[in-house]
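Report on one structure; see the data block that follows.
Chain IDs A, B, C and D follow the sequence of writing; residue 1 opens each chain.
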Amino acid sequence: MYRPYTVVDIRTENERTKSLVLDGSLDAEPGQFVMVWLPGVDARPFSVAGDAPLTLMVVAVGPFSRALHDLHRGDSLWIRGALGHGFRFPERMPGKRLLLVAGGYGVAPLQFLARRAVEAGARVDVAIGARTRTEVLLSEAFERVGADVWVTTEDGSAGERGRVTVAVERVVADRQPDVIYGCGPIPMLQALEAICKRAGLPYQLSWEARMRCGMGLCGACEVHDSTREGWLACTDGPVYIDEGVLSESSGSPEVKA
Amino acid sequence: MPDLACELLNLRLRSPVVLASGILGTSAALLERAARAGAGAVTAKSCGPEPRPGHPNPVAVDWGHGVINAIGLSNPGAMEEATLLSDARVRLARLGVPLIASIFAGTVAEFAIVAQTIARASPAAIEVNISCPNVGDEFGTPFAATEESAAAVTAAVKRVVADIPIAVKLAPNVASIGRIASAVVAAGADMITAVNTMPGMVIDADAGQPVLANRVGGISGPALKPIALRCVAEIAQAVNVPIIGTGGVCTGRDAAEMIMAGATAVGVGTAVWYRGVEALGQIVGELDSFLRERGYRTLADIRGLALRPPAARLPGPGNS
Amino acid sequence: MPDLACELLNLRLRSPVVLASGILGTSAALLERAARAGAGAVTAKSCGPEPRPGHPNPVAVDWGHGVINAIGLSNPGAMEEATLLSDARVRLARLGVPLIASIFAGTVAEFAIVAQTIARASPAAIEVNISCPNVGDEFGTPFAATEESAAAVTAAVKRVVADIPIAVKLAPNVASIGRIASAVVAAGADMITAVNTMPGMVIDADAGQPVLANRVGGISGPALKPIALRCVAEIAQAVNVPIIGTGGVCTGRDAAEMIMAGATAVGVGTAVWYRGVEALGQIVGELDSFLRERGYRTLADIRGLALRPPAARLPGPGNS
Amino acid sequence: MYRPYTVVDIRTENERTKSLVLDGSLDAEPGQFVMVWLPGVDARPFSVAGDAPLTLMVVAVGPFSRALHDLHRGDSLWIRGALGHGFRFPERMPGKRLLLVAGGYGVAPLQFLARRAVEAGARVDVAIGARTRTEVLLSEAFERVGADVWVTTEDGSAGERGRVTVAVERVVADRQPDVIYGCGPIPMLQALEAICKRAGLPYQLSWEARMRCGMGLCGACEVHDSTREGWLACTDGPVYIDEGVLSESSGSPEVKA
């Protein structure tokens, strides 16, 4: 069932991105998502950007995300979750090297992951890709938790010019990460998956899909590619974990809500 | 080891658990996944004459004692569905798992057209969904509501697909489901699937609004089980065709109850939410244990048991 | 403090919670106890033309998501019931709690006779139970099943008790409850009570038998709530008379949902099993808190809320 | 819901009374009851005569009790419960004096109560009334737990001649019990209640009634007398506790089963 939360704080991250801070916490692992319902409008999946208090980061791209941007402090929204399977940490975290690769709102779950990873003793590199300087999100937030951040922009207005894969290839070569974590647009995920397969690196990618039931019933969120035959983003994912990883559960439970 | 094989008309199922329509039945890959998980047969998502996007979100929610959904019969239309089904049939054949197609339509004539289109994919059976509660007045009164309309659809479909067995899927919200069953069997139904979801509404008191965008939806899962058991029992006493007993089956014990009410096979849907796709195989395993512990050897030993007076002295599993 | 008083036609109830028929309604002492516990009005157990012992045990069981019962309309017959009701009316009048009688019968003519007998006790209203699922073929098809039979009973009762308002109690297992409601209102019903229990069967897999001696029974409690909410919403959109929304209400929040679906008052039955007779007052108290926390002042503020589109910006209780 | 139990032992207590020992235990307090269901036969209330293992004592008087007598070892029966409110102990049990008065199957719950009372440090007197010697039940069982037993028979074939009330009056006078507990036929309970009221003694009586739903819904078990207006044996009782007793709960919970 959905539970009502109230917006207690709104942070403007850039011209089309806001973080909504809510008035309660949620038991959630990085990579899990919630369904957000605005009665009379719609319901959509959003990554958990922070668990205590529950925080969502919303990029305004269409009707629903704009409706979320229109909320004021004190307004209500309804949450179902946390849902799905989040990211997992490798066994024996202290000293492990993690590379997090983010595009678009992908910074939201990865920033939550970075905090937990640093707490668990890992060293974290973050590659953030964006079109232009103003769309680079949360880079200070990553630095604040102690991660090294590598920015790329397509127009070169911040960091290195080019796609995020350029930075990824270099960090892979220079720092030899133990695992790669990714969240962002599907073309970015596909490019990342290709790099990881080539390099023989274990990887965990948060996949995007149109979600309807969010319960593993309706089939709407099936990811139709040959690596993920019959794979449902809402209950099998959203995080796709490459078999190669011998991972320990970070406790991301299958929640019924 | 009890024998869980199950004869559904001419179909031989390795287990009596049938994936219910609308759950994971939207692609060949998902149908194959359900079969690999343990289903003895799988039913595809209902398809209609034209593509439909379905209703806006929320389309489903767990309300504490079951699920309510109003997906809105999203489907790619009969033409594209036939391609999907052909692909699925080939993949399932390798596993020995029959494919049941499912169709709906807004008029009797359209039902026949959809059936004909789908028949080209040669499914093992066609389920005729005359009972979806989520489409509403757009399609007029539900066909499952009266003996006349239910029989008319059945006869029309049977006329065009004489060589493929048909199961007619009935609704629980009727005064006498036994009479509807008799009418569709008289009109040519080879099997009955009972039941579809029960119409309901879940309201969020804080929002002061129904949770589903469609406002009303269909109730499935645990809350539906005793309703479904009663429907299956009534149908089993009214007609003499196989019944795919569906509604709230989440465990092997639930499946046993459904068969005791007179079902030949057992449809499973919402259990996939509670237990994952693995639910299908888990239910088969639990049913096997249930039978073994009580000394039953085949499904026939328990079929319709609850419709007859009890044995003079009851065997019991005890409490140990 | 929100005002929980509730106008049900000409009746003034101090709270919208109405004791449902068949729960504690078998004696003046129990009716008074329910009133003292917090009910705004109380409904007596349904009575018929002749005394009936009811079905053998088990007559009721909690199956995990609700209760199923087949009491079998045990009652002392209309003559003795009239005496019981007269006694109860006097005792309840001191508390300012109206008494609703409830009647059933096997034929239209008998309904009129029972109504006349009961009318002598001058109840504040008479509920006409055309929907009990537990009597079965002994009485033919349930009257609540078709518009014609439901209207015929309503008209016959109304003819003989023109001076006492009547509520017609409807069944959930029909294809279109809105149409049945329209038919009974056209035939003279002053109110609608919706709903009675949903027919079901609970099977004990170890026994291989239905748990109820009557095999089938009526489902009430939590599993019934979304079914009842949908029925009430349909009726509220079809007719313009007060509705006693009944089915699965166990908390003040449930009561709020029922009123949001369009009910004027809220029937409470099975909650007495879960929470004791005190449930009645507890529900009133919780409803009061619910309204107060959200700034609603009267029941009218929330009545039918879920039938209208949401307010542009929703007030929320938050999560604190 | 009903749960199946298997009969593992049958003890013949007298020519029309058997104790059935079942293959599992039940969380129950003395005075609580269970509904016993034999599929195809009927379901009736029976006092819990012992909790671990669950034991029932059945007097064969009609169709259902005879059907229970017909069970053999290894047969099944179905149990719902424990139900209702049982007996309560007064505060500060050590040294308290309890008088237990039993008629017919009333010995069953009282013998369970006597065991618990002696364990809690009370001194227990038991008065058992019967028509004749062969109908006096469980008197050794009471003695075994350390109670003093007073038997009366109507024909004088055992103990004192007369009704149990004769013994009660004398024990009340001689031993000044703190509380009286009773279970037996209604006329006995009525006589007992009159004695207690006259003597100003707190009392707890297990009332008998025809039970149908056993859930506090149907009203069938209402006890129609002026002391217990609108009182339901299944959920308010079966034990009626006189208001005078300032008692401490012995933990008899309201069980939903």
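Brief remarks follow.
The rule is simple: contacts are C-beta pairs under 8 Å (C-beta built on N, C-alpha and C of every residue); 3 or more make two chains touch, one makes a residue touch a chain.
No experiment lies behind these values; they were computed from the predicted model shown.
Among the remaining chains, those touching chain A as well as chain C are B.
Averaging C-alpha coordinates per chain and comparing to chain D, the farthest chain turns out to be A. Looking at B-D and A-B, the interface holding more C-beta pairs in contact is that of A-B. Between the Cα centres of chain B and chain D there is a gap of 50 Å.
Centre-to-centre, using mean CA coordinates, chain C is 37 Å away from chain D. As a whole-number value, the distance joining the C-alpha centres of chain A and chain D reads 64 Å.
For chain C, residues touching at least two other chains, in rising order: 63-64, 206-209, 310, 314, 316-317.
For chain D, the set of residues touching two or more other chains reads 4, 39-40, 76.
Contact topology of the protein chains: irregular, matching none of line, ring, star or complete. Inter-chain contacts occur between A-B, A-C, B-C, B-D, C-D.
Of all residues in chain C, only 309-310, 313-320 touch chain A in the complex they form.
Remark: chain D residues 1-2, 4, 35, 37, 39-40, 42-44, 76, 78, 80, 211-220, 222, 224, 229-230, 232, 235, 254, 256-257 touch chain C in the complex. Residue ranges of chain A in contact with chain C, taken from their complex: 3-6, 22-24, 39-40, 72, 75-76. Per the touch definition, chain C reaches chain D in the complex via residues 22-27, 29-30, 32-33, 45, 54, 56-64, 67, 69, 71, 74, 204, 206-209, 211, 213, 269-270, 272-274, 276-277. By the touch rule above, chain B contacts chain C in their complex via residues 63-66, 68, 141-142, 144-146, 171-176, 198-203, 205-210, 215-216, 219, 222-223, 226-227, 229-230, 233, 253, 256-257, 260-261, 290, 294, 302, 305-306, 310-311, 314, 316-317.
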